[in-house]
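Submitted below is the structure of interest, expressed as structure tokens.
Each chain gets a letter, A, B and C, in the order it is written, and its residues are counted from 1.
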Amino acid sequence: MSDQVLGKNKPGISIDPATVQAHQHARDLDVTTIWERHEAMQPICAFGDLGLCCTICYMGPCRIDPFSKADIRGACGAGRDTISARNFTRAVSAGVAAHSDHARGICHTLLETATGKAPAYQITDAKKLKRVAEELGLKRDSSVNDMATQVGHKLLEDFGKANGFLNFVKRAPKGQQERWERMGVVPRAIDREVVECLHRTHEGVDADYKSLILAAVRCALADGWGGSMMATDLQDILFGSPKPVRSKVNLGVLREDSVNVVVHGHEPVLSEMLAKASKESEILEYVRSRGAQGVLLAGICCTANEILMRQGMPVAGNFLQQELAITTGAVEAMVVDVQCVMPGLAQAAAHFHTKLISTSNKARIPGVDHVEFDEGKALDCARAILRTAADNFKRRDPAKVDIPPQSMDLVAGFTAENAFYHLGGTFRGTYRPLNDAIMAGRLRGVGGVVGCNTVKITHDYNHVEIVKELLKGDVLVVETGCAAIACAKAGFLTPEAALRYAGKGLREVCEAVGIPPVLHMGACVDNSRILIACTEMVKEGGIGDDISQLPVAAVAPEAMSEKAVAIGLYAVASGITTFYNPAPRVLGSPAVYDYLTKEIERDFGAKWVFEPDAHKIAQAVLTHLDAKRKALKLAPMLYQEELARTA
Amino acid sequence: MISQNKNLTQRRKDAKYVIIGNSAAGIGAAEAIRGLDGSAPITIISDEPESVYSRALISYELAGWLGPNAKLDLRPLEFYQEKNIQAILGHRAVKIDSAAREVHLDDGHKIPYDKLLLATGGSPQKTAVKGEERRGVFGFRTYRDLLNIHEAIKSAKEAVVLGGGCIGLQAASGLHHHKVKTTIAIASPHLLSQVADPECGDYFQGLFEKHSVAVKTGISPVEFKGGEQVESVLFDDGTELPAQIVITGKGVVPNVQLAEGTKIRVDWGIITDEQMRTDEPDIFAAGDVALTQDRVACKSTVNAVWPCAYEQGRVAGFNMAGVPRKYDGSMRMNAAEFFGVSFISIGIVKPKGEGYESHSRMLKDKGLYWKLVFLRSSGSPQGNILVGAVLMGRVDGAGVLGNLMRKRVDVSSIKDELINGHYDYARVLPLVKRQAGVFEGLEYRETLV
Amino acid sequence: MENHRKIIAMTKLCTGCRSCEIACAVAHSQTKSVFQALFETPLPRYSIEVQHYDGVNLPLACRHCEEPDCLFACKAGAISKDLETGQVQVDLSKCVGCWMCVMVCPFGAATADMERGKAVKCDLCREREEGPACVPSCPTKALVHGELNDIPK
């Protein structure tokens, strides 16, 4: 059943030479990585993979034979549609929970900051705070701390309020809001939606697949226009709205002569403090006293993106590289918080001097040092961690060190607010030049290539191949998460990349403004920036009255987590057709599959497309954008051949 | 085809094996002998000029199942060459001189034998209806019959099939396929009356009628009217059906003619013992010509069905080659499919007499039906053996039931399972475990791991 | 006897997960991918079946018998046995779907594919380079492609 590995188009584990080298080094030292564990796990259970296994109640587990023509039911009478939809809805709920809990944490941090209980933090972007306060109908002429307190409380209400709807729903274009009202999926309160989805999927509650999926939609919207959006805005407020910044990416950023500290996970409340502390002169002195030239803080996954976007900190790698950072033998400490942190790290660290330090009470790993991160003493915590890392420097075994040389330049730091500031080149950021470029046919449209890595697919292959083709097709690409890191490693995030990879129209735009053809917009919660960008494009006008008419698409071609399913669903529900792979365990139910890939378009103006082949995805995206262009009666592409348009 | 069996006794290297008959039984014997003895001369004699073909495929060919380049070959054309068999085709054996050990052919040739097998099969029974000699009245057994029917179809508009068994229904399906307006007319009250209950027969009647094949029950033909060419069939109830093709399906009569002048006893079929021997030493009989012990009916009968014929030929072949082997008995068994509905019937399905117990279930809207017939076993008053099974709509697992019937095992412990339609091999496994002597063989042992 | 290998199940190791059935169906599909195979018409068939009774899980596939009843009963001469490998194979181009084999197989291992009109039975993945698909698919390694003597005690 090795064919379950979708999109494994190239042999080998990764297209990134640094990863290949580090993996080989790991194997030479007998360290087991995710690749070996995945191989040993084959064959994975097809019932599970198809979403036809139900473990919800204790009369089971029940499974449905996908090849039987009989109408097989689980013990309670649930058939393949119910079981598949339930599994899907639970996945969405879990994904929403992850992002939302993160947002709740930031809300609390904002409040602690505003009330002086967390002196290490400050309100960095007061202008954004004011804008948000205004939007929420709060007093805008009070002090910054006062405003922050009010904003914090108001947004905290969004988690559990008894009446009304989420505050940021009003940000969405009218067209989206109307559809959500009509479909009964306007999100009410974040925790409530998660709880209701768990309730619905409990044994003996919702057995109608469409009803379940719509509940999942509402829950996902509570993430996209709720938790994630909140996290993005509050993080901008606390840590500063990103500005274009240069940095470097890949394992080669680690230095033999420095204390290397890798921060991994998702919450900038931790990584921002580590970044801050790492620049302090006392820390530098301490580090030098321990025999190192300096301290290098690099990140993995979303937290890397957070400190990259705002502080220009280098990125060591993306999800599949987390163990390999350790196996370079050059990492004194890996500091982790929540999400995408593999328990396998412990086993990798045990082979080296590396101290694996967990910092969140919510994310414990057996046998690993735990330093509970106290936001009230954030900087002290961060400094202590760095000192521990420095103390560890002398235990590094030079014989085991093997840092792959690859490290690629990149430009990051683009947001919905600033991205087209540059395109405008005038006094204020405006989307007019972007819309004009699309209308004139210089740009085909915008593609959001986002999401994870997965061991099921050759590492980074899909991201890079797809973005390559989109760039050639004059599609402006915006990226977040591990996808952004993948393309950064491949060199797409430099202005020079436009010369090498972009089609003529895209190149013209990039050259005129000095932006890369791929705009890094941040961590995965920052997918909300893409929603705002789309909203701005609608507001600016000329390319669609609501998001579903825009020539835009979302692509998540190496999806791994439940968060990704939630993001995919809120993108579709917001009118953005999403090309997603591998399919989230819905292939066992033709009804659920058909709803997600066909009928949902009637309800929300967009749909899922499940396609494993990278090149087919790219072609399908181009075709999709052309179809949108045709429907808007836009001018033909200036320099591109248009693809056969589908209805 | 058959594994090499090294256990040989009494085999003469230059033994001449002669087999009269080129169908299932004849081939079963030839393959068995050749599998045991790579060099001995084997001769097959058949009055049919065709190379080894499967007469069982005729109805499928007529029904259009075999596709445009239909082959009816039972074995490839190179069969005789590869197996080093001398084939004398298109010549009838007319007499056996058992003293001289020679077979006389119709052209005067005399073929000597050391061991002889009579696998002469059967011929369609004459109906004794007036006008049977008219053109257009056919049996449905040989390749010639098939060719003649195809020829007749070219100009025929209507057909009557006189037979409600599997062969008759297959013939009717075939004629229907060729767009000849067909009526099935039978004396019995329902279709498949020899092999199924009214419930089941009526279901198929509904199916045939839905496909515009008319079915008339309870009538017998009294005359085939017309000139040189048959034009209609007159029945005993006064009905007259126009027909340019009439298929008679009254079963087969064993071709026992060659027994004349020998010691071979005949009682409808040629009498054989457990080793397929006739009363003449060195002469064996197998297939549709042979009387064998019916495994479930426990009486001597001719079970003219393909799998029995082949197996009898095979057993005869073993014994002819000097490897003793017993035939454990035949069973009536039929498998067919009409208009997409499968059908299998084995053994005694319409029991008469004491001690039988029948269970059946018809799920009409699902097109499913099964019937099981048990017999209280004489061995123990509580015991039950399975003696008959009918499956319609879902035939998978029929072989498991057939095997239980063949082995006459006590199925009391799993009777409820069987009745409820659960007869996969796993149900039988406990019996296999407990009765290793009955379920002898490597393959059974492989399931006991 | 030469090496006559077939699929033998160690029933004590069988959890009844039926992964072997899926692997078999996928191996006999057009697309050879479990996700795409579901969209094929007709659906691919599996010829190993996990049966269960009396506390025993029995993955049952054709036994490739030394004296195959199916071969003897086949009206079309479509079934043959390779003397070297012991494999009993159906030539699907000759099979007419008469169901004789279904009627006589003592294990019920030959089944009727009504959609295709052909008999279905384990073919030991004759067209698959890596051999039988069911064996590697078993999460508990309950399936062996071998002879009775190969089974560990």
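Operating definition for what follows: a residue touches a chain if its C-beta (ideal position, glycine included) is under 8 Å from a C-beta of that chain, and two chains touch if they have at least 3 such contacts.
This one's a predicted model, so the numbers in the text were calculated from it and none came from an experiment.
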| item | value |
| --- | --- |
| Central chain (by mean CA position) | C |
| A-C against B-C, pair bridged by the larger set of C-beta contacts | B-C |
| Most remote chain, CA-based centroid, reference being subunit A | B |
| Whole-Å gap separating subunit A and subunit B, where each centre is the average of the chain's CA atoms | 70 |
| Subunit A and subunit C: spacing of chain centres that average the CA atoms, whole Å | 46 |
| Length of the line joining the C-alpha centres of subunit B and subunit C, rounded to whole Å | 27 |
| Residues on subunit C engaged by subunit A in the complex (per definition of touch) | 17-19, 21-23, 25-26, 32-35, 38, 43-46, 133, 136-137, 139 |
| Of subunit C, residues touching subunit B in the complex | 1, 6, 8-11, 49, 51-54, 56, 58, 60, 63, 65-67, 69, 71-73, 75-77, 80-81, 83, 94, 96-112, 114, 117, 148, 151 |
| Partner subunit C, residues of subunit B touching it in the complex | 1-4, 28, 54, 56-57, 60, 65-66, 71, 73-75, 306-307, 310-311, 314, 333, 335-337, 340, 342, 344, 346, 395-400, 402-403, 417, 422-427, 429-430, 441-443, 445-447, 449 |
| Complex contact set, residues of subunit A against subunit C | 1, 3-4, 6, 43, 45-47, 49-50, 63, 65-67, 69, 583, 587-588, 590, 612 |
